[in-house]
Amino acid sequence: MEKGQSYQPVMSQEIAQPQTQVKGQNQIMSQSQNNTAFPVQTKPLLEVKDLRVEYLSPKGPVRAVDGVSFSIAPGEVLGLAGESGSGKSTIAHALLRVLRPPALITGGEVYFKGKDVLSLAEHELEEFRWQDISMVFQSAMNSLNPVMRIGDQIIDVLVKHKKISKREARLRAGELLDIVNIDKNRLDAYPHELSGGMRQRAVIAIALALNPPMMIMDEPTTALDVVVQKEIMQQIEELKEKMGFSILFITHDMSLMVEFSNRIAIMYAGEIVEMAAAREIFENPLHPYTRGLISSFPPLVGPKRKMAGIPGAPPNMAEPPTGCRFHPRCTQCRPVDKVTRPQLQEVLPGHWLAYHEGMPGINRGQAGQAK
Amino acid sequence: MTQSVAPAEQRSGKGPGEVVLEVRNLTKHFPVGTLFRPKAVKALNDVSFTISRGQVVALVGESGSGKSTTARLISRLMPPTSGEIILRGKNVLKTEPHRPSLSYRKEVQMIFQDPFGSLNPVHTISHHLERPLEIHKMVTDKNLLGRVHELLETVGLTPPDEAARKYPYQMSGGQRQRVAIARALAVEPEIILADEPISMLDVSIRMGVLNLMEQLKEERGIGFLYITHDLASARYIGDRTMVMYTGYLVEAAESRELMEQPAHPYTQMLMAAVPNPEGGLIKKKAEARGEIPSLTDMPPGCPFAARCPKVMDICKRSMPGRTQLSQTSDHWVRCHLYGQGEEKQATTTAQL
Amino acid sequence: METHNKPAHFEQQTPSPETVDGPVAGPEGAAEMPDRQDLPVEVEGTPAGQLLVAAPPLPVPGRQRMVWLRTLLKNPKALTGIAIVGLFILVALFAPVIAPGDPTEFVDSPNLPPSAAHLFGTEGQGKDVFRQTVWGAQTSLFIGFVTGFIITLVSTIIGMTAGYFRGRIDDILTLLTNLFLVIPGLPLLIILSAFLAPGTGTIIGALAFTGWAFGARVKRSQTLSLREKDFVAAALVSGESSFKIIFTEILPNMISIIMGSFISSTTYAISASTALAFIGLGNVSEVTWGTNLYWSQNNGAILQGAWWTFVPSGLCVALVAFGLSFINYALDEVTNPRLRAEKDLNKVLKGTAFRKTRTRATPVFRQSQPNSK
Amino acid sequence: MRYILRRLGFYLLAFWAAITLDFFLPRLLPGDPAATILGSGGQLDPSQVQALREALGLTDQPLILQYFTYLTHAIRGDFGISFSNFPVPVITVILTGLWWTLLLGGSSVIISFIIGNLIGIFGSWRRGGAVDSFVPPLLVLVGAFPPFFLGLCAIYLLAFQLHWFPTRHAYEDTLVPGFDPAFFGSVITHMLLPVIVLVLSQLGGWALGMRNTMVSVLAEDYITMAEAKGLTQNRIMFRYAARNAMLPSVTAFGIVLGFVLSGQLLIEQIFSYPGLGFLLISAVQKLDYPLMQGLFLMITFAVLVANFIVDIVYTRLDPRVRAG
């Protein structure tokens, strides 16, 4: 597009075929709804198509997110599961375009209510942020400005977006704290004066400030203890039912994810390898990685059995494996997986899988007998 | 000193239940405050338990509950305020009060939480394994490299000669943690204190590390103190599980029994909070509010009283002792719901 | 600048908290890259679809040990600095060859402007300014480097002792350090030199006495944080002795800090000794850049318009200080991964539209669809 | 409050240490200090010798008593008689210089602090921009020049050759100090050049320090969150980033002040600006030991007070220190 540009992003290895899959993915949303307890929606709220994000490293660009497509319906909770380095947080930050250098978005499209997010000008982006999508960060300790009172950090958003007076904003900020069960007089507290759970709730209050249709929650409870985690997740659930926002929910904790999400996308090495309704993923995981991931969380009840986890280690994204990126760790790997990259396709109604024809254990169109 | 062997442990253990390590009334208070207003952070209070040969004892609790302090006291990285550490019947704080002897170092090893911090970035992997071998004169110089390779193979780092030459930053978190385990194994210890060994690892490789620990326990009869905040992994690997809250052990039993019949309201609360995919969506329920008390200003009575749904008057006045619930699994609890408990200062007789 | 010398090498090895779940190689991945100068992205018109990143072989251990040092030696700023300082060291060493003759000799009439006979002219008493400048390098650099070394040694010992043993030792040493930090150095230096017998030894002693505190503070805090690392605890649990831990576990992780400290102390020593000499507190019969300036001032160079008597020596001090600061500046850049990340980005974006964007939003780079056929 | 009291205690201790150092300095001289000093000081009449002995506390009392006498004198501001200005008391001489030093130092520090930090903030923000690419190396270069050398060059070029600025002193010799516009105008024109030189030599330190902390702060989650909140660039830059990045700068203030003062002493000397530095250097040249000692204590005292003020400001800036 730009003449004289010297930057060349990483090219896909199989450059000849990437476009075939994208068409199918545009429809993922509407179809996948059939299989969930979730009411069918005609129009997705957020649509991400073939998103690519690269980090520039001295060795060359590293593609952290490689052609990811998904969509979220109004009121839906989409879980993005994967290990650290799989690219799930990168996606979250890319949606709001707050990725830190040396990151670049090198391809794909993001539509929010039909708005082309990646083409927004600076001032439009400012409007879009928080009003359309707000975000709850992983560590409240780090995401709150340490030298600013909690109240001021809420008022900030209100004054900027709602164009209301400081006084009105302060009243509203008090209400918001109330909603998340924090005493109003904590408006004047500094972050370090609150406990970990309270801080995270304050962050949620800030995220709620503009009553956005969608929220990104990037590991919102990872830094907290289980009891506090439970309280906070319950609170989010309650607020979601009251206010009806959608959530892009990111965590590596499969148990929490299954409990909380309507639909789950499993990421590995920058790609989505499987996507289906939450129960379906849990009860009928098809991808070997998904199965491995689930067997990495020992159950709290039932008979004690040996669990294997996954052999090997996540790949170095500077040199991702050829073909199926999971192949070096896969116990069911076939020669074809080492060379050709599988494409995400719908193998069961609403159940998408990065798939090669003839994958063991899966017959296209009928329930796989995994498990 | 024969009394130090807790008979209950022998009955409960699955393996050859000879008690290797016992701690009694271990207490750690960190002095804070000023000269004029001295205060103490009561990090650990009156903790007693035993670890037998080939037994994994899991210690579960929230962050700040004193789990890591327990490990650091037993590894003698810091001195306890009071209490006893008894290794094979020998009260080591008496016999070697200032710094632990090499023989203690040889018997009790430790694995740390952060695999990025526990290996020195400037040294090769082989240096990390050679040092303990040299210090404890485990092998002759000639066999040094061979032994290093052997250790790396034991923990599944192959090919060992390649692994030995690497620097820590050339390895993934899981590989580093395996090196840390190999280093602990180098001196052929009796006890390994594992302080949240998997919490900083990628999810998919956690089971590998847990299984490796299990294997070492089975094959070499090493006893583990497995510290974690994750009840499920405690159940998975721990023969016995102890629950800690604000520096107190509040309940302990065989893992299965503890998770199936949690007695202490805190244990119950923990169990209910663990996300459970089988159980479906979160059920909404008013949870007990109230904060964890500050370790510097502990209220009298039970520290859990402020958050306890079953709190009684007596809970705010006095701290209960231990009450034995089951002899067969040595299940005990520290809660007024089950009675006063026994006087806690019974240091001369075995702790029940 | 040295006030904010980021510790470094060590930090790169730990996962930085801000990791946005990026490439698995993470921050270490970025830190270990040996060839940051030749980014493949500079290649223009690479055919689409060609893999730009050839998988590099696993680095051979040992070569990687002090990555920052090797990176430093490729940093243009560092090279500039090293070249400047190196040049002056050579000048000092070969002074008898470059400017033969006694610098204190009266060679011509006073205040002659630069000419072929006297490259830098003559000063107020008729001595050759070029000779004085060249020979001045010897003593000035000698004082600078020796003092720099002493200060580094003292501050390392004090800082590491305080940081490692903590407790009461730390309390006392820290109090002492803070006292020396807060009591203004140069006035103390001036009255010290006024009371003590003049001479190079006195100057070095006084400079070291007033100059160790800052370095000690930096090293103490670095030692403290290293002391808290689990690898130190692990070494203790292995049965390693304190002595061994300090020298083989902690010290190697502090090399870059110690180097930075040596450079900044040397800079300090050269500047401060020049200042002292300038106000007549050095040994005025000795030839240093500072005494050159002293004599120039004493002989009323400004009133005489004899700028050549003070410019060369002053410029030399400035250039050496600049060279040293530039090395430290580069060291900072090399050992602070964040400063580097931005630099790399700029390099890559050079010539593209983003470079000019004022916004901090993540740049979007949409390539034209490669598979039009 | 506890923090402030602790700092106050520390400064008292520091001041005591400075007095003690001052007391022992003459005793470092070989042999009888008074004799040594007099030997090098030229002819003095007996009353001056006596004044010197008293000023140094060199009486026949035991050392410990000498020390306490010295301590009480110092606290009262009694540093004896200056013998280059005989028989004017040292404290009187010092007070004539104190205000000029505060004026020169205060204005140069405040100006360079503001400009330097602004350069640092904008440089880190517009990464890769002109401010960020060329200004820092330039500042390193300027900062490498000894301030007094910059001053020499500036006087030679701008005052002697171009006559843009007066060459020396704090005001026109013909004027009598007083509250009139002519005097103020003169003071300002005399200040300009030294202040410019001082600001130039300090700018780099502030700018580079700020830039480096800004780069770290900009990587913090709360900046990302502020951006995600859709706040304006200015708001993020100042209220979120710079506000936090300033804390280390303020902490470094005390240390920097020491360096600044060093530069200033010599600048005063070059410009014959009648502040403490000028007095100190001429006292050294005239071997006026009591004046030297008094000046050292007064300079230390001024630095300690400045540090204490900065500490109070710091507690306003960082809510976290207020608690502890």
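We call the chains A, B, C and D, going by the order they appear; numbering starts again at 1 in every chain.
Throughout what follows, a contact is a pair of C-beta atoms (placed from the backbone, for glycine too) under 8 Å apart; a residue touches a chain by one contact, two chains touch by 3 or more.
Keep in mind it's a predicted model, so treat the numbers as computed, not measured.
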Other chains in touch with both chain B and chain C: A
Contact-graph distance - origin chain B, target chain D: 2
Chain whose Cα centroid lies at the greatest distance from that of chain A: D
Selected interface, A-B versus A-D, where C-beta contact pairs are more numerous: A-B
Identity of the most central chain, Cα criterion: C
Distance between chain centroids, defined by C-alpha means - chain A, chain D (Å): 55
Chain A and chain B: spacing of chain centres that average the CA atoms, whole Å: 35
Chain centre separation (chain A, chain C; CA means) in Å: 45
Rounded Å distance between chain C and chain D, as computed from the means of their C-alpha atoms: 24
Chain C residues counted as touching two or more neighbouring chains: 17-18, 24, 342, 345, 349, 358-359, 361
Where chain B touches two or more other chains at once, by residue number: 172
Residue list for chain A, restricted to those that touch at least two other chains: 84-85, 93, 98, 100-101, 125, 139, 142, 314
Chains touching one another, given as label pairs in label order: A-B, A-C, A-D, B-C, C-D
Touch list for chain A against partner chain D, complex: 93, 96, 98, 100-101, 125-131, 134-135, 137-139, 142-148, 156-157, 160-161, 190, 192-193, 203, 206
Residue ranges of chain A in contact with chain B within the complex: 83-85, 195, 225-227, 229-231, 233-234, 237-238, 252-256, 258-260, 282, 289, 292-293, 295-302, 304, 306-314, 329
List of chain D residues in touch with chain C within their complex: 10-11, 13-14, 17-18, 21-22, 25-26, 28-30, 125-128, 136-137, 140-141, 143-146, 148-149, 152-153, 155-156, 160, 204-205, 208-209, 212-213, 215-216, 219-221, 227, 233, 248, 252, 254-259, 261-262, 265-266, 269, 280-281, 284-285, 287, 289, 292-293, 295-296, 299-300, 303-304, 307
Touching residues (chain side chain B, partner chain A) in the complex: 62-63, 172-175, 202-208, 210-211, 229, 231-233, 235-236, 256, 259, 269-282, 284-285, 287, 291-292
Chain B residues within the chain C interface of the complex: 72, 75, 77, 102, 105-106, 108-110, 112-114, 116-124, 131-132, 135-136, 165-170, 172, 180, 183, 187
